[in-house]
Every structure is written in C-alpha cells, then in structure tokens.
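Heads up, the next two complexes both have chain A, just with different partners, chain B and then chain C.
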Partner chain A sequence: MFLKRQLPFVITLITSLILIISYFSPHPTISPLRSIFQDWYMIIVAFTMFVGILSLVKVSIKKIKREKGIEVLYPVITLVSLIVMAFFGFLKGGLDNPGFDFMFEYIMVPLQATMFSLLAFYIASASFRAFRAKSTMATILLITAFIVMLGRVPIGEWITGDLLHFTESSFLSRFHIPNVTEWIMNVINMAGQRAILIGAALGVMGTSIKIMLGIERSHLGGE
Partner chain B sequence: MRKAVGVLLFLLLGTVLIYSSSDVSSLKVRDVPYDGGGKLVVSWNITAEEEVGNIKIFQKINGEDWKLYKSTNKLVDKMKDNSVNHKNSYKYKIEVYDKEGNLLFTKESKTITPGVAFYNVGKTAVLVSLLIIGGLIYYFISAARRGQKLKIRRIPALDSLDEAVGRATEMGKPVLFVPGILDVKNPQTIAGVLVLSEVAYKTANFGTDLNVPVSKPIVLSTANDTVKEAYMRAGRPDQFNDDMVHYVTNDQFGYVSHIDGYMVREKPAAVFMLGAFYAESLILAETGHSIGAIQVAGTAMPSQIPFFITTCDYVLIGEELYAASAYLSRKPDILGALKGQDYAKLLIMIAIIVGAIMTIIFPEFHFAEIFTDIG
Partner chain C sequence: MSFWEKVNDLDRRIIYLIIGLTVFIPLLFNVTMESKPTQPVENIYDKINSLEEDDVVLVSFDYAASSLPELQPMANAVIDHLFRNDIKVVGMALWPVGVGLGTLVMEKKAAKYDKEYGKDYVNLGYKSGGLVVIDSMGGSVKKTFPTDKDGVALKDLPIMKHVNKLDDFSLAVTLSAGDPGLRHWVMVASDKFGLPVAGGCTAVSAPQFFAYYNSGQLLGLMGGLRGAAEYENLIDVPGTASAGMSAQTVAHLMIIIFIIIGNISMFIIKRKKEKEKRK
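Moving on, here comes the complex of A and B:
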C-alpha cells in the first residue's frame, strides 16, 4: 500500500515543491534542477515506450486470434509495419537508412496527409451545421463568420476598397471588410479566447494544488 | 590684482583646454540583478576629436591576459555578456582606433564579480498571485472539511455522463474514451484521466465495455492504473482487463485513423474526448457524429473548442475540464478547491476591470506592466 499510494504522493509533493522553488530562484544550485527533472522525465518516457509497444503487440495478437474475415488484416498490417519499420530503423544509418527513409517518405507521409486532408471536408460539413440560422445566436454566428471569411479573401478587399481610396477619413476605413475582420478577430475573438485561457490557467493551478496536497488521488488509484 | 585676474584666467583657460583635449568616453560594467550570476551588461559611450574607425572590446577573467571579446564601430552601445560565471571576476577594456588603425585611447572598467540571487524579484507578481489563489483554494478546502455546505454551478456536460454510459449499456455498445494526444506532463491530460476514473467507475457498475486508446506510452500506465482502480472501487475487478487501455501510436494522424476506424467498425454508443487536442479534434468528433454516438468533449485548447461545440452533444469549455473530477466525485475537499478557484476567478475579473480603468485614467503609471513584466 505504501509503495502504491504514499510513496507516489511523497514523490509528487517533493518534486512539485522543488520545481516551484526553482521557478522563482535563479540561483545556480537550484535553477538547473528543472532541466535535471526534465531529463529524468525523458528517460522515464523512453522506458515507457517499451511498455507501449508491448501493449500494442499484445492487443494485436489477441485481435488476430479473435477476429474473423477481413478484420484480421488490420492487426496483421499493424504488426508487420511495426516489425519492418523497426528492422530498417535498426540497420546501418538508423533513421537515414534508405529503406526506412523510403517507407517514411512514400508510405507514412502520404498516409498522414490523407488523414489531415479529411479535415477540409469535415470543416465544410461542420460549418454547414453550425451556420444554420435557426436562432438569433446562430444568425449572429453566421453573419460574423461570413464577414470574417469575406475579409480573408480578395473579393472582400475589392468590395469595400473604395472606402480607402475616395476618402482620407480614418473613420470610414474602419468599415473596410478586412479591417472589420481584423477587429472581430483581435477584439471580440481575442477577448473570448483570453477568458478561456485565464479560466484554464486557474483550473491548472487548482488541479496542481489538489494533486500536490494529495487531495486528488484518483490517478494514483485513490478515492 | 591684475596678477590675480591673470592667474584666474590662466586656470580657467587651462581647465577648458584640458577638458576639450581629453576624451569624455566611458566604459561601464554592471551586474544584471536577480539572476543566477550569469549575466553582465557592458556599456560604452565614446566621444573623441578624431574620427573613430574601430572599437575593440577586451575581457580579462580573474586577472589573466586580455582576450578580444568583440569588435564594433558603434560609439554608443551596450551588450549583454551571457558567458560569465559567478565564480570568476571580470574586467573589460575598450581600445578606440581611428580610420587608419592608430590607437587613439583605451579605457578600462572596474573589476566586477557577477552577483548571485536566491530570489528573482521580477517574479513577485506571480508569487503574490500564487499565494492569493493558493490561499483561497486552501481556505475553501478547509471550510469544506469543517462541514460547510458549498454550492457549485451546474455543468450540463458532466450531468450527461450517466446518460451517455446508460445509453451505451442499453444499446449493448462500448464506450470510447480518448484522453487527448499529449502526455501526462500536460494538465489537460491529467484532468482527462481524472474524468476517466469516473467514467470507468460507471462502466464497471453498468457492465459496459470500455475502450481507451492512448497515444503516449506514459499515459498508458497512468490510465491503466486509473481504470483498474475504478473497477476495484466499483467492486467489479473481474470485469477489468488490461486491453481496455491500450497504446496505439505516438503519431497524431496514425492515432486518429485508428480511432476513426474503430468508431466506424464498432460504432460505440458514447464517445468521450477529454484532454488536449489539436487538428484531430474535428476529424474525431465528426466521425463520432456520423455514427450517431452521444459525444462529450472537453479541452482547454481555445482553437479546438468551436469544433467540439459544433459536433458534440456536450462540451466542457476550458476550466470546466479541470472542474470535472471535483464535480463528479462530489467529495467536499475537492469541491472546496473548485469553489476557491471560482473566487480566484472573481478576483482576476475585479483586477482586470480595476486595471483597465486605472490604465485609462492614469496611463503614465503603467499598471498593466505589474502583470506583464515578469522577469
């Protein structure tokens, strides 16, 4: 019980106190502790990679035994990819090995790009749902989004471009669509984002204090 | 009398001549305060009758030989020497040359040893804020422990937890929990794992399958222990298996493709996405939406929140993610922390309003810099 509950709590408390002190103290004996802890963290992360790979292999083998039909192919492809990539990675040259490099360039990168490109279609479908003017708030959202999108394309610049050319009044230039877009993004949008960030920062503080003082222990398996 | 006036005039003229012929150049070295003894600021101001061509700056460490540190042609400038060590003493010298390369004059600084500070005064605003907010949280935790009733606001996304898991149970479908793509160093991941504990407790009670794919191996150990303990807490350790929480890949889009594939094939009835998300948020949430799953999401990433709001049934916005574990567990001391957090937010709101008014009325006092100039 001590190893499972108390010891992790003691380590958490001491580590967090040292890190807080090292944030406020520039003294050469205290300040470097942050980077030392960071190094330790990286070493632990490197070891957990073995645990991760073991989990992946174990789950994939279980799936191969359990699944039938085409479903068996997915864990088989996962395991084969893992073994082949690791094999070439351990050969001479490591990450610069031609075999590894070839697979990364011509298999990994296109697959990543394919998944990422899905985002464009999903943004279109999500926008379609979000911008339906079903209520007053949704209508405001639709109008705001329309102005922002218009301000980011050349036609927005062209529509109200005359406001800049025919008058020297700086007041009228505020209604130039790209300027309205900038105002929406820098004032309204930024204010909302900062409110979320301040709240989140407080949440981080609250969670940290709870974990430091051992009030929150569910991640250690406590109640 | 004439003699006296003559002597006086001679002295006056002599003084003027002496000052006009000599340089009024200066070389100053000062220690950067409140640092670890690794910085000195060297500044010079050169005034010479002849046109200056080149200026050489030399450094002497612990009384050893002069070493050329830098060459410049700027007559007035300063530089920060970040190569110094608090264990050594330093002296600087400038040699000023004319266009032909003839030495005009030299100037030496005093010897200086960089000072070492234990506390960075520039971070006082952070320390004071930390103490006030920490104090508020501690006060409300103590109040909760004394038995004081604390009322906190309703968070619909968290009230929906039972609904989501219950729906999955009724449909006989699994529950999918995605704890984000960052590791446990990120507080959002920790907050997500804390909610996972409650979700796992409910799936254990309802006898529903739970699937937690993770993208960082270090999250695997944490999430696995959390789920295991939740099943034990629910009195259903027999239902727990190690495959519930499993590692997929560190690669962002590899992880997304795995979850998307799982969602399309297995069609989980409830999808929880709580943690740190980037571009994958919309891909995951849209796929979840397309299979008709009840979706609860939460993140403190401001750029991803709109995507979740558009596609998910319930969303924990920013701080609500961190409040989730307290809200769900209903334990008094954790609720106390949440209450303290709310009061801290009230203080910040007051500080912003007062600061804005003061900055408008007294712009010359630069009130905002108290909070922005952090050393």
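Moving on, here comes the complex of A and C:
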C-alpha cells in the first residue's frame, strides 16, 4: 500500500513543489534540481516510445492470430514496415542512410500526406449532408462559415474588391469580405478562444492542485 | 423520386469526384492566385528583414507529413528568406518526423544559396519532451542537445559558438501542427525567456493562436496554406502554396455550392412534405 499510494504521492508533492518554486526563484539550490528533473522527464518520455512500440507489436500479433482473409494483411504490413524502417534507421548513417531516406521521402511522407488529404473529400461530403440551416443558430453558423471560407481565399478579395469596389469607399470597405473575416476572427472568435483558454488554464491549475494534495488519485490507479 | 430528392441523396462518390477534379485541374494547369499579405504574416517578414547578418534564428519543425502540404511551403519560404538575408539557421524538431522534413527544406535551400552545414546552418534533430525541452534550452541549448542530428558535438560547430541559451537566438520560428508546438513556444520561449516567437500553423488551428497574436505574445502568425502563400508573395518566390491557393479557392467555392444545393433541396423537400400532409 505504501509503495502504491503514499510513496507516489510524496514524490509527486515534492517534485511539483520544487518545480513551482524554481519557476519563480533562480536560487542556486533549486535550479540544478529543476535541471535534473527536466533531464529525467525527457528520458522518461523517450522511453514511452518503446512502450508504444511494444504495445503496437502486441496488438498487431493479436490481430494476426484473430483475423482471417485479407484483414490479416494490415497488421502484417504494420509489423514489416516497423521492422524495415527500424533496421535501416539503425544502419550506418542513421537518418541519412539512403535506404531510410528513400523510405521516408517516397513512402512515409506521401502516405501520411495522402491520409490527411482524404479529409477534403469527407468534409465536402459531410458539409453537403449535414451543414443545413435547420435553426436560427445553424443559419448564423452557416453564414459565418461562408464569409470566413471566402475571406481565406483570393476570390473573397476579388468579389468585394475588384468586382464591387468595396475597398474604394471607407464605409463600404467594412463589408469587404477579407475585412469581415478579420473582424469575425479578431472579435467573435477571439472572445470564444480566450474564454476556452482561460477556462482550460484554470482547469489545469485546479487539477494540478488536486493531484499535488492527493485529492485526485486516478493516475495512481485509484478512485 | 423527384429531382431534388435525387439531389438530396446524391451518391458521395460523385461529390468525391467533383472535389477531386476541382483540386486537380487548377494544379494541373498551374493556375496561381496572388494572396494579399496580412499583418500577422508581414510582421514575420519585417522582423526577419530587421535582423542583421550573422544573427541566429531558431526554426522548429513541429509537424509530421500529414500537415506537410500546409506547413512545408511555410518552412520553404521562411528558410529561403533567412538564407537570402545571410542569417544563420538552427533547426530542430519536437516531432520525430519533423527532423526529416526540416532536413529536406534546409538542404534544398542551402544548395540554392550556397550555405555550409555547421557554419551557416545546423539541424539539432529531435528531442522528446515537448515543453520541457524548450524550458531546458532556456538553461542551456548545448546541454539539451549535446550533438546535432548526425552526432557531431555542438561545441565543435562554428554556428553554435555564441549560442548557449535560448535568448541568444534573435528569433524563434515554429511551424506547428499541434502539441508540442506553437502553444508551448509561446508559453516558455516567449513568456518566460522573452524570445520573440513567430509561428506557422495549420488553417484549422489558426483561430486559437490569434489570441496569442493579439495579446503580443506571438510576433507573427502564418495560418494554413493562405499564410504560406502570403509569405511566398512577400519574398517574391512563388512556391507550392501560391499554386495550391487556386485549388483551395475552387475547393472552398465547391463546398459552398454543395452546402447551398443541400439546403435548397432540404427546403424544397420539406415544403413538399408539408403540402402532402395538408392534403
């Protein structure tokens, strides 16, 4: 019980107190401790990568055993890719090894970029089916989205700039699409974003204090 | 089934095909559209122009290949501008894949401007730990990154001669696709160590960073492909962002048209159903 509960709590409390004090005080006793904790943190985070790899291998092997037909191919490809990339990464030259470099530039980068690019298709399909003016709020959201989407591309400048000459009049320039977009981003969006940021920061502070005082113990595997 | 009911149930493959064509055709014919630079992007350009030769700028490649279409053009434009002005560049990454992507950009631009590795630029590589890595660099860059990505000790590299702490850099530019990234650079490098921080991020995450820009914590901001195209326009080196803006413009228009058609079909079907009910 001591090793599982009390000891982690004491470590958490002492570590967090040292880190908080060191943030505000450059005292020579505290600063080296902070530096040591930073090194430990970076080493521990690096080790989580091994945990991730182990987990990936374990899940893939389970899938190979469980799946049938073409579904078996996916975990096999995952494992083979992992081993081959790691093998070339450990060869002479490391990241600059021609084999690793080739796979990185011509396989990994295009694959990752392609996966993300597929989002454009899903967004287009989803916007057609789901983005409907079913209520007043949905209509406001729809109009705002139209303005921001147009304001973020050159055609927005063209419509109210070159076509309607809004930018030539000081009053009408307020309705120039990029200017309206900027106003939406800097006023309406800003208010919402700041509220979210401040709320999240207060939440982080509250949770941190709860962890330090041992009120929040879920990270120890408790309630 | 009426016309509008057919439209309402439009096969998603047709939508995919239309979007595919609207993106592909402008790229195929290399249609470029000029993007007028906005203030947040101009601020980065002006800051780099105000730097003197031999100033050292830190560029952090905090993204993976999934964000490459948006962030790599920014990296290309910023590194091009820095090398053109004879400013020294120290690259690093808080994302593992960022090392390789940063290397691609720096090597390409170094060849263009005849820059020498170790003297004019260096790639420190990847270090795990996110925010803590930045904080640790505030204490000592050489302790946080004892070697560059190839294992050469930083103390042996001429570019690192006068760089010991984070505030020895004149500017930090981070190209970020999420966490760890721009938010952490603002929190630690800018707020704690007073280093001017400029950033580039994906279009989807740009709205959250405008709060940092407006409060002055962020010197400048490039948001998405548009931000990259604006920077390319400023340095007068058209790249993939300027070319991509035409595709993005048409794609945005198509999405707007899809939404309008979807809403028209919804209203017509709704009215038709109400009429049928009344009968």
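FYI, the second predicted complex is superposed on the first by the 192 of 223 C-alpha atoms of A that agree within 3 Å, B and C clash if a C-alpha of one lies under 4 Å from a C-alpha of the other, contacts with A are read in each partner's own complex, and residues count from 1 in each chain.
One rule holds in what follows: contacts are C-beta pairs under 8 Å (C-beta built on N, C-alpha and C of every residue); 3 or more make two chains touch, one makes a residue touch a chain.
Predicted, not measured: the structure shown is a model, and the values here were computed from it.
Trainee: Contacts for A:F116 in the overlay, against chain B (first) and chain C (second): which applies, first, second, both or neither?
Mentor: So A:F116 meets both chain B and chain C here.
Trainee: Determine, under the contact definition given at the top, whether A:F24 touches first (chain B), second (chain C), both, or neither.
Mentor: first
Trainee: Where does A:S218 make contact in the superposed view: on chain B (first), on chain C (second), on both, or on neither?
Mentor: Once the two structures are laid over each other on A, A:S218 reaches chain B alone.
Trainee: Identify the partner contact of A:S170: answer first if only chain B is touched, second if only chain C is, both if each is, neither if none is.
Mentor: Neither chain B nor chain C is touched by A:S170.
Trainee: Go through the superposed model and pick first if A:V45 touches only chain B, second if only chain C, both, or neither.
Mentor: Both partners, chain B and chain C.
Trainee: In the overlaid three-chain picture, which partner chain does A:K210 touch, first (chain B) or second (chain C), both, or neither?
Mentor: A:K210 contacts chain B only, not chain C.
Trainee: Name the contact category of A:F146: first (chain B only), second (chain C only), both, or neither.
Mentor: Once the two structures are laid over each other on A, A:F146 reaches chain C alone.
Trainee: If you stack the two complexes on chain A, which partner ends up touching A:L56: first (chain B), second (chain C), both, or neither?
Mentor: Touch partner of A:L56: chain B, not chain C.
Trainee: Quick one: is A:S135 in contact with chain B, with chain C, with both, or with neither? Answer first, second, both or neither.
Mentor: After superposing on A, A:S135 lies clear of both chain B and chain C.
Trainee: Please write out, lowest number first, the residues of chain A touched by both chain B and chain C across the two complexes.
Mentor: Dual-contact residues (chain A): 23, 31, 41, 45, 48-49, 108, 111-112, 115-116, 123, 125, 127, 129, 193, 196-197.
Trainee: Note which residues of chain C are touching chain A in the complex, please.
Mentor: 10, 12, 15-16, 18-20, 23, 33-36, 38, 64-69, 97, 99-101, 103-104, 125, 127-130, 132-133, 135-136, 139, 143, 149-151, 192, 203, 207-208, 210-211, 214, 224, 226, 245, 248-249, 251-256, 258-259, 261-263, 266
Trainee: Which chain A residues qualify as touching chain B in the complex?
Mentor: 20, 23-28, 30-31, 41, 44-45, 48-53, 55-56, 58-59, 62, 71, 74, 108, 111-112, 115-116, 118-119, 122-123, 125-127, 129-130, 192-193, 196-200, 202-211, 213, 215-216, 218-223
Trainee: Name, in rising order, each residue of chain A that touches chain C in their complex.
Mentor: Listed in rising order, the residues are 23, 31, 35, 38-39, 41-42, 45-46, 48-49, 94-96, 101, 104-105, 108-113, 115-117, 120-121, 123-125, 127-129, 131-134, 142, 145-146, 149-150, 152-155, 157, 178, 182, 185-186, 189-190, 193-194, 196-197.
Trainee: Considering only the defined contacts, which chain B positions touch chain A in the complex?
Mentor: 34-38, 86, 116-120, 123, 126-127, 130, 133-134, 137-138, 141, 183, 185, 187, 190-191, 193-194, 197-198, 216-218, 220-222, 225-226, 228-230, 232-233, 242-243, 246-249, 251-254, 256-257, 261, 265, 279, 282-283, 286, 300, 302, 305-307, 309-311, 317-323, 325-326, 329, 331, 333-334, 337-338, 340-341, 344-345, 348
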